[in-house]
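Heads up, the next two complexes both have subunit A, just with different partners, subunit B and then subunit C.
Take a look at the complex of A and B:
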């Protein structure tokens, strides 16, 4: 079965991209090519100009950190602290640096209190954060997050958003795979829309997510704010609104102009 | 809501700590869920939602061990006094992670497993499996191995497994987190149909309130192991407590609040985009006219 069919995509250094699309569209398959977990049967993937066929997964991993959709696929240590330290040891970091980085990563993701806890005692959302901490700890240049918002509550999502924006501002390339339209609407990255193994659209979040036909093709629904404005079309209000505060401004301007 | 309702789930002073846990995961929980309700259970991650769900079908205390204090009665059965297999006929639980519940070599066998365990006749099993696969729109996956499916497809299989049992209460622990929005909506509609047409009581654990709220008539918010809000959706979503704990209320409700802060009042609190559009139409047209 061909999971990907003729995909061509360029990700610039320091970009923030959301790959969106229906279940089984090939999103995860695509990003697994970015750290060499999968090699293409046809075509090639270049990371910093080097083909993934010519590099080991281990050396690619140092550059391209991958946080899996399901944290249970990557967690196995007895404590959260060991889990986060594990890859650092493998990469040969010094014990002192390991300690510093573990503390930094746990603090960043609000996990300090669970330092000595088994990851398997934690909730789904918390385990997801442990997985994220364990990858961020080695400071990869590219961070791939496969469905980072699954099981996260609103506050955690907001933290995650600020955090991604911050990583991105520091020059990191961030690639998220997600169905979470509301999250993408709040993050406003470049969106790559996939359906049936192909890329069907690329563009700014605002442009892609407010195109009803395009998103339907990818089994996504427009953000709720956009849907509200689609329901106000006959008042000649704009339909490309994705954010609550933007919505408020548009509505207030409308009321002011008509009074 | 009409006529006298029967409590199908009743918890009184429920407190539980996992063996080896230092503090209780849930503390002094008292809730009443009436037969036929569609309940959303929400709250910050790690607040004890999943733990509470595990009490509904006796996984706590029977499987996880530890001591369950207080009373939990589900479908007239005291949970601590009845084995899981007996409770399972009344309460179906769909896990957060479908991989934790799928194990057979084909989707069909997985969906049939629970029914076979109940010793149901072959024809009835076949009928129910067909129905459950159809309801969840996975008839084409019948012969596939669950472990080869995508996360979203697996979640539908997991839901089909529970659906096939036709329980009185269905507890779904973030059942759509792996699904794309259209797939999620489809699942919510299936669950909503089961609730409205068959009268199955639904307890849905959910963070994505934008998608799920329109179906619920009762929202319970848990924070740090305790019930902090318990009531009608519009009331819960607009409460100060919901804002303080950071419940991800629907964007339609959020827009209502933001407008209100700026002196624009809608005549009702919307939870869906359709309601919000309609309420805004009223205000905007009135103003224009």
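Take a look at the complex of A and C:
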């Protein structure tokens, strides 16, 4: 079965990208090519100039960390500490380094108090964070997050957003796969829209998500803020607004000018 | 997973698919009995090829070939074990003795015949019909339901195993690395999440069923009722005749061993 067709995409070092599209558009299939879980039947995927065909998943994973959608698909250890250390052992880190990195990763995601807890005793959101910690622990250059916002409440989403932005600011390449439009609007990354195995559009979040026809192709709707502005077109307000704070400023200016 | 591919039902319509599962099951049982009855190569070869017209009639050649290929590894083992152990523990004279070879081949073929007929049955019988057949055979509904559910969740579980494997590979797991014990241990990170999620899913399924009033009515009725048609009676009759013929041959006919046809 052909899942992707004519996909050409370049991701720069340190970029922040959101891959969006409806279910079955090929988002996850595409990112599984980035760490060699899937190899292209035609064409090439190059990571740092090396084709994924020539490298094993394990050696690619060292560079490209992949956090799967469902943490229950990877948790199996008796303690959170062991879970985070698992990948480090696979990559052959020294015992002392493992300890240091585990402490660092747990601290980063606020999981220190669960160090000796079984991952199966944690809540859904916490399990998701353990999965994230277990990948970040080996400090990969690229981090791929598959549907990071599913099953998270608003506060956790906000924390996650800040965390992702922070990771990106530290120079990591971050790729998220999602159809959470509001989340993407707040993150403001480069957006790659997919539909039926093809990339239908790519560009800044502001440019792509405010284009009603484009997002309709990928079966998503523009963010709520954009919908308001699209509805207020008659007032000659700008229609390419996705950010809440920007929206407030524009509206305040407009109200002041008209009063 | 290739062995299970041969058991995966695909919804198509063919004369064989439309047969009553009870008649088909009877046919499979007859094959089972006949295959166990004979330990000579000739009748087993016959049994193997007799089934091929059914496979073609059902249009499941590709799946059938796949299940045969999946079974071939086990078949090789069976051949090897029979060959080696019969040589050491019986009075067969020399290692490459044709009769020993024939016996081992016959045992292997017996296995293949069994796989063939069972895969034939599962390939052409939908899980729903199977459950229905069980129910109409007065098996308690709880058991029928458990059975059909189990069958239906096999592909789901296979898919989940694949995802888990991917997730662990992304964390540096290399399944093919290390010695034998290490390789076995490599599967722990896959088995634990798989089992945990299967248990979790079964609990969720139980809750979902109860919230839809499972077991509320004592006497269930079915939308579809299986009914034996002419073709089903014909298949049952053919099966009975085959069985009778086989038993007769087994009792009264000398079965030539394949060595007879070899130049001495």
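As a convention for this text, the second predicted complex is superposed on the first by the 259 of 259 C-alpha atoms of A that agree within 3 Å, B and C clash if a C-alpha of one lies under 4 Å from a C-alpha of the other, contacts with A are read in each partner's own complex, and residues count from 1 in each chain.
The definition used in the following text is that a residue touches a chain if its C-beta (ideal position, glycine included) is under 8 Å from a C-beta of that chain, and two chains touch if they have at least 3 such contacts.
All figures in this text were calculated on a predicted structure; none of them were measured in a lab.
After superposition onto subunit A, the modelled positions of subunit B and subunit C overlap sterically.
In the superposition on chain A, A:87 makes contact with subunit C only, while subunit B stays out of contact range.
Applying the stated contact rule after C-alpha superposition, one finds that A:120 touches subunit C and leaves subunit B untouched. With both structures placed on the common chain, the touch criterion links A:32 to subunit C but leaves subunit B unconnected. Contact with both subunit B and subunit C is seen for A:72 once the two complexes are overlaid on the shared chain. More subunit A residues lie in contact with B than with the other chain of the pair subunit B and subunit C. Of the two partner chains, subunit C is the only one that A:135 touches; subunit B does not reach it. Residues common to the contacts of subunit A with subunit B and with subunit C across the two structures: 70, 72.
On the subunit A side of its complex with subunit C, the touching residues are 32, 35, 37, 56-58, 61-62, 65-66, 68, 70, 72-76, 86-87, 90-91, 120, 134-135, 138. For subunit B in complex with subunit A, the touching residues are 18, 20-21, 42-47, 50, 96-97, 99, 150-153, 174, 177-185, 207-208, 210, 245-248, 250-252, 254-255, 258-259, 262, 264, 273-274, 276-278, 280-281, 283-285, 287-288.
Those residues of subunit C whose C-beta lies close enough to touch subunit A in the complex are 160, 163-164, 166-174, 188-189, 192-193, 196-197, 200. Within the complex formed with subunit B, the residues of subunit A that make contact are 21-24, 28, 69-70, 72, 121-126, 147, 150-158, 179-182, 216, 218-221, 223-225, 227-232, 235, 244-245, 247-248, 251-252, 254-255, 258-259.
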